[in-house]
């Protein structure tokens, strides 16, 4: 732990720091050594290794998801360093990655716990940046954390490759030049879900929303509302529920006699598991309303959530970023090497984290330097394939990846303990694209003053 | 804490030692991996928070479970000051302290009508209401879950008066007359404030006012029948303590201009309670030690993954490493909470009175030439509720 | 003898239907020591509690030096110069003796509230001298740095007396100041109380021990079943047959 | 009318959960004077008794899914089913109610060990230290659970026959549209039963009399002297069992995870204090009151007038009650009010 390589302290800052503290002597002279040499923060040129910061929830409700993300990161590091079977390195196109580290430097990492709290996540990211000297931070399992860490990274001049974050804001209102999101967003969920909902449930439906009362919930509600109303659905009501409510009965019972025939649960994680299990207990799925079967839709799904909800998830429609049962070459290679390493299939969070790491590494190779502005320019507008989602574009204007979106259904008759979601439809990329200006926000500068 | 018998010189000495120790943190924390700006800042800031909490809890025995509300309000006020007025940190700090003080006056006025656990639950309820509202309904003011952040388009009225108003391509950073308040300068800024806060706290402990607060803790009835109106004393202590929390909150925003609702959650209130008890409630430096220990665990222990462990134990034979790393791994990295929980239990079981009591015992042990002395009554009472 | 300072007029107090005080009228002259005696459960402590504002009477009023005490907060009553020694000493157990006395000393100087956070306790030389003086008076000066909780019961009571005296009260209420004390301690306390008698404050004293009553009291009132049944100078009360019947019984 | 009726049911159901958690807490709080921050953890341990029991009865033959080669994917065929056919299936189906049989002895043991090993030494310590040590213990318990069971909630289905909804509307003559899940109705009855048992225990047994005396006046109980320590242990163990079975029965409503205890911790303290320290009846009353108030505050009609009221209603009601009634609904003087 005596890693005292101090970085990111400019000479000017130091002198004044001394003046402010009135104690120049108290500032160890060891800081000053590196301060001259670097033209950008945490330049790995001197150290011979590229250090990445994996900032994932290790405690709190998303700890399992975080653990899976961490597994994926470790796997990615292995593959980048030429260990293991290479995974998606073999299918990723166009790729300059050779399994020889990045730009000849061995990839190492540092981990931290976001606790799924903005403050803790930023503190953890700062530790990685200030103490461990990481050049890129990645991970996370909620939008609040992603937005918070992303803006921190912008200030610090460190690239942030978001993990699981689904809010439109991450690459909309709160987008940043240094932040990139491979995961899809609420808008895309809505756009992808709409045609399937139309096909399955028809265009004459009355929807009732229960929405987690915070920013992600609202953007998702809005996106789903827009796309279902475009189908001709009517929105009966949209009710906000407190985060972590636990027992949702008082929100579910009014649905019973509201005249709605579809319940849309804009919840994630534990909230979704609870509200869905309870809605099923209240017999919503056995109901007939307006002569139609009552349906429940959960726009954002993950396998871990499906596990928590148990039987309640069976037959429920939703979207997901990726699923291990996909049969394209990239997915197969990834599942193969992940499964061989850990004995279980990767979650969608693990997938996005793995892909993000590879994308960053590749951009460095393409730029021929670790200098962040150059790396960013390589990622912006980057077209790639072979990463499990078909041809994908990292849109330059908002740093959002555009790719096909999976519509899935909870598996009625799973063939194994992991076989919980069944891909119903793949909504092609063209249908989920949108004009980047609709969410506002601005990316900010490439160069960050230090 | 029999303060009447201590000469003033002693106190000046205490402050000087304290100041030296705080300002030299970058040096002596370096070997244990605690030397980087963010953690140093957190030590100083949560030190202020805990010292302030101790003025209420340590002196009067009133256990507030809602102090995070003041921390949060301090942060929001500071960020709004950055957004609306200026990036200079001084107004932000002033507003943070001011708003926290106002909120503390309101909450304190109502909550102090009750004592004991009823008081604790009242403060908890107020803080939880603040948190829940900030998280959802008050989003226009607090920006909800995402947290209140700066934007390039913020008005910053005062800044635009004195300069051309252009802030360059990126977000402006907080400053103290030109000196950026992130990194080490930010730490020194916080450290100086911490030292001032410590001095104020020491003066309160040593003042007639402090004696009155201790009297309230000891016997509220006697205070009343002695002709003292305990309510204004309590309220003042509550407000001072709330302002400390507000200062800490505003400093969180100064070093990192973002304010999130979770700062007001009960877990944050509980954290400062734990810090204070862990270090030693009612002692001068105890709360600061408790704050440092908890923050160190949260930031450093949580980062020890298999990688780090394997390196740390690389002096051992491989076969031993394979065994040791997973076992130790249970207690660090993602298991850091477990260690923290165990630490709470061990300290409170074996060291009633917290860390400070531990040091006292060590000192006593050496003074008495190796013979363990029965624990002094005086020391025991500092731990009191 | 001086004017009447303490008036209790038609005091009634009952607890859940049980009458503790009924129509009590009591008048205490300035500068006297007025003893209230009576069998257990006669309502003596309730009477004192009504005086200091700990209990609110159902009807009736307490006036002291022209001020109506009824309805005032305990601290307001105390600020008017009413101090009380309790049956179980109410002291600051965790604090040293000197601190115990400093608090009332500050209260006497600063009033009910003053934001004296900027001062230093160690700079209150005058008050401290006064406090030490009082401790000397009650014979506890040698122990001024020990913790009050570790004192014997008699010493605690003396400390509490000191804490009251430093307030320079006009009226001092003493609730069984010698209860549970050994004879030697009792005599000491009597001496102490006699000493302060000469200071000219009014005292109301509740006592079981007739030895104490007759050594100290100028006037005696007898309370039985919540009512004053007799009053007057000690000698006449001693001879009142009603008192004998209700209280002294065959003891004499 | 329908909506009001159903919200009352919701409120009662919620209240039953609150009251059950608060009941054990107030027993420990009011009688032993221990501020037990690990009480939520006991509730969570109870819930994990159900999980453990389910895992035990579903120990399975693993039938490998040969279609998946990258890792071992399998379908589970519980031994109980293969060996005992329908009987086995029924046991698995009823694993939640049956797991009470595991939870009662286990929680008794946990309560006993916890009291003898830890709490005992803290009776005379300041509340602050009780908080620190029990909070530490709660973290330790929860981290151990996390290490074994992970952080993800684990579904615990109610028995199939109870999985559906009862037509409560027809029972009370409000039409056929009012349904309520069987399991929630059972939970309501169950908590009524437990509350009744605890009260009966306190009312009609000698142990209970001592406990009640203790709640009224700890000093007196201390003076009674005879083996008071043993009784304290029993009280603590009973509180643990109450929390535990409450946790077991709640699992079909809320799939348990390791953090469940912390989620309920603050709430249970609010309920206990609003009910008033040292009063069992107060805790139960406060539980139901807060449950019903919360349900009504969540109605759309109310939320339209006061947006976000459902977020704060619990605390708002707590504040109002505590400001109006100095010792909560039914608190006794002298219990933890200084």
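By written order: A, B, C and D. Residues from 1 in each chain.
By our rule, a residue touches a chain if its C-beta (ideal position, glycine included) is under 8 Å from a C-beta of that chain, and two chains touch if they have at least 3 such contacts.
Model, not experiment: these values are computed from the prediction.
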{"item": "Chain whose average C-alpha position is farthest from subunit B's own", "value": "C"}
{"item": "Central chain of the complex, centres being mean CA coordinates", "value": "B"}
{"item": "Whole-Å gap separating subunit A and subunit D, where each centre is the average of the chain's CA atoms", "value": "35"}
{"item": "Distance between the centres, which are taken as Cα means, of subunit C and subunit B, whole angstrom", "value": "45"}
{"item": "Distance between chain centroids, defined by C-alpha means - subunit C, subunit D (Å)", "value": "51"}
{"item": "Centre distance in Å when subunit A and subunit C are each reduced to the mean of their C-alpha atoms", "value": "73"}
{"item": "Subunit A, residues touching no fewer than two other chains", "value": "59, 63, 67, 213, 240, 242"}
{"item": "Multi-chain contact residues (two or more partners), subunit C", "value": "none"}
{"item": "Sequence positions of subunit B contacting 2 or more other chains", "value": "132, 135-136, 337, 384"}
{"item": "Interchain contacts (touch definition) - all pairs", "value": "A-B, A-D, B-C, B-D"}
{"item": "Partner subunit C, residues of subunit B touching it in the complex", "value": "2-8, 203-204, 206-212, 214-215, 217-219, 221-230, 232-233, 236, 240, 377-378, 381, 384"}
{"item": "Touching residues on subunit C, where the partner in the complex is subunit B", "value": "52, 73-75, 78-79, 83-84, 90-96, 98-99, 102-104, 106-108, 110-113, 115-122, 124, 128, 145, 147, 149-150, 163, 167"}
{"item": "Residue ranges of subunit A in contact with subunit B within the complex", "value": "1-4, 6, 8-9, 13-14, 16-17, 20-23, 26-28, 30-31, 58-59, 63, 66-67, 108-113, 117-120, 122-124, 126-128, 130-132, 143-144, 147-148, 151-152, 154-155, 169, 174, 213-216, 240, 242-243, 442, 444-445, 447-449"}
{"item": "Contact set on subunit D toward subunit B in their complex", "value": "35, 118, 121, 125-129, 131-133, 135-140, 142-144, 147, 266, 269-270, 273-274, 277, 307-308, 311-312, 315-316, 318-319, 322-323, 326-328, 331, 336-338"}
{"item": "Interfacial residue positions of subunit B with respect to subunit D in the complex", "value": "57, 63, 110, 113-118, 120-122, 124-126, 128-129, 132-133, 135-137, 220, 266, 270, 273-274, 277-278, 281, 330, 335, 337-338, 340-345, 347-349, 352, 383-385"}
